[in-house]
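In the two assemblies presented below, chain A is common to both, partnered first by chain B and then by chain C.
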Partner chain A sequence: MIVTNTETVAGYRIVEIKGLVQGNTVRAKHAGRDIAASFKNLVGGELKGYTELLTESRRQAVERMLGQAEQLGANAVVNVRFTTSAVTAGAAELYAYGTAVVLQPGRDG
Partner chain B sequence: MRRGAHSVDPSEVEAKRVLRLEAARANVDDAVQYSVWDEPALSTELTSDSDSPRLTYADWLSWRIETTSVGTTWRVTILVILAAGPWAILGALIRSTLFHAWGILLIAVVAPVVEDTMKIAVALWVVEKRPYLFRSPFQILLCCLAGGLAFSAIENVMYLSVYIANPSPFLIVVRWTVCVVLHVTCSLLAGIGLVRMWSAGIRQRVPPKIRVAAPWIVGAMITHGLYNGLVTIVELTGHNPW
Partner chain C sequence: MLDLIIGIGTPLVLLALGWFVGRSREKRHFQELDRREQLCQDMLVTQLKSFPSYVFGEKPPRMLVGEAVIATDYLKSFLAGLRNIFGGEVLSYETMIVRARREATLRILEQAQREGYNAICNLRLETADIGGSGVSNGNRKNQKVMSAILASATAYNAAQSP
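Moving on, here comes the complex of A and B:
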């Protein structure tokens, strides 16, 4: 599966558009990680627990988006975008969307 | 341009591990939530030629209803009835905390909201997430009845043995009759809402909507709140019948 945030893919042409695909998630770490992060906040540096949280959320949102693209029989998702929301405190909320397409090697035109 | 290799985010490895574990636990009941075939943005004109299997909520629900035996639905009903007890304890604890920490107005507002939610919480989860696990409205009403009975029994024990020293025989009788009837009535009112929510979902093969049940659940809360408010006003005006 080709995933790109550009509208076209060099060396390929879009032969079919399958439609909008999307994936979202709202994730949180357990209370222990929240407490540890609040202590780390005092001394500064990377809050690794929250970095993990954001990474997990991003990957899960992308996987769900790709799952929808597979259901549609697409072999690529172009024009991928990410956005966040604010549903609840202490959680990472990711929304990924793009256009599912069928690509074939070759040039447009 | 920087010289040397850039470091890779170590959280990617951990995230991969965590998501792999979660994926191993996932099943078709979870997958249906993320299926593209129920998306409002799906362009059917673009996907009509797709030959991949189409997982829709309607198909999933029909399949689940067909493959779930009546025996299983009764086992689930019994489990929900048994779970009503622990949830009722939690509800009673939250309620007692609220009563001691906050004022009179909340006795008639917050307490009914918490209690009437907790009494039907387990049954509501099943109706909303796994509606095929109930086969008839009777099972749902039975779960709500059990929730009301369990809650009132636990509340009475807490009241009459912990919070109130030397309760009068009249109070004991009132608590085991009027209060039990009140809790059961409110639970059954909310249960009617759950039945309507469940029936609409099963009939139309769509996810059950809480807004269908909301008027009945709110009605139960208002009935409960009116009773609580009335009793509190009577007590505050010096006409304490207990």
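Moving on, here comes the complex of A and C:
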């Protein structure tokens, strides 16, 4: 499955639009990460635990989105966008959405 | 008396920790970013949706994502607190956000390079609120100052058209 965050895919032609597909996930950080983060706040630097959390959430949201696209019979998702929102302190939502399309190799147009 | 020593001493130790450890860590991170950006120099990076006058190779494009969360140190949050009284530019937080942004972008570039792509288009950067500072939790003291950046882009195999 081809996934891009551009509206068109160079070298391919969109032959059918299947519709909007989306995936979301709400994840909380576990207490150990919070404690580690408090220490990091003294000396500064990357919070690896939180970066991992974002990576995992993003993977999960994209997977759910791709699952929907597959069900619709699409072979690509274009113009993918991500948004996040803080649900409460300690949990964040990651939402991925895009347009499921059927692509065929060939010039645009 | 002991209370007073602990009361004044602890923040002083933490400030010193921020001054010595935090500053050197930040300097090292910036040096590392410079070095890694040098390695990715021949990559074509734009936030255009397509490349006029470029042709794309056989390899199908792929969306790449990168994220980085960078925390500030105690000294910087202290200085930023002072800045809050007088107003003006908060330089100490600026470098924190710059670090997160460059790190997230570099992660995309390095991944693209590993997978054999040579061009990145439609690079998008956005901030994520994972510390919950956008939600009123009535507990401002426990708030951690950090900057989380989500980057996404589409990697292509491109060549200058003849």
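Quick note on the criterion: the second predicted complex is superposed on the first by the 107 of 109 C-alpha atoms of A that agree within 3 Å, B and C clash if a C-alpha of one lies under 4 Å from a C-alpha of the other, contacts with A are read in each partner's own complex, and residues count from 1 in each chain.
One rule holds for everything that comes next: a residue touches a chain if its C-beta (ideal position, glycine included) is under 8 Å from a C-beta of that chain, and two chains touch if they have at least 3 such contacts.
Since this is a predicted model, take the numbers as computed values, not measurements.
Of the two partner chains placed around the shared chain by superposition, chain B and chain C are both touched by A:T51. By the touch criterion defined above, A:T6 lies against chain C but remains apart from chain B after alignment on the C-alpha atoms of chain A. Contact with chain C, but none with chain B, is seen for A:L42 once the two complexes are overlaid on the shared chain. Within the superposed three-chain model, A:K18 lies in touch with chain B and out of touch with chain C [touch as defined at top]. By the touch criterion defined above, A:T84 lies against chain C but remains apart from chain B after alignment on the C-alpha atoms of chain A.
By the document's definition of touching, of the two partners only chain C reaches A:A92; chain B does not. Once the two complexes are overlaid on the shared chain, A:Q60 sits against chain B while remaining clear of chain C. Looking at the superposed arrangement, the partner reaching more residues of chain A, out of chain B and chain C, is C. In the superposition on chain A, the residues of chain A contacting both chain B and chain C are 51, 54-55, 58.
Chain C makes touch with chain A in their complex at residues 14, 17-18, 21-22, 25-26, 29, 49-51, 56, 58, 60-63, 65, 67-74, 76-77, 96, 103, 121-122, 124, 126, 128-135, 137, 139, 144-146, 148, 150, 152-154, 156.
Residues 9-12, 14-16, 18-19, 22, 31, 34-37, 39, 41-43, 46-47, 50-52, 54-55 of chain B touch chain A in their complex.
Residues of chain A that touch chain C in their complex: 2-12, 29, 37-38, 40-47, 50-51, 53-55, 58, 62, 80-92, 94. Interface of chain A with chain B (complex): residues 16-23, 48, 51-52, 54-56, 58-60, 63-64, 67-73.
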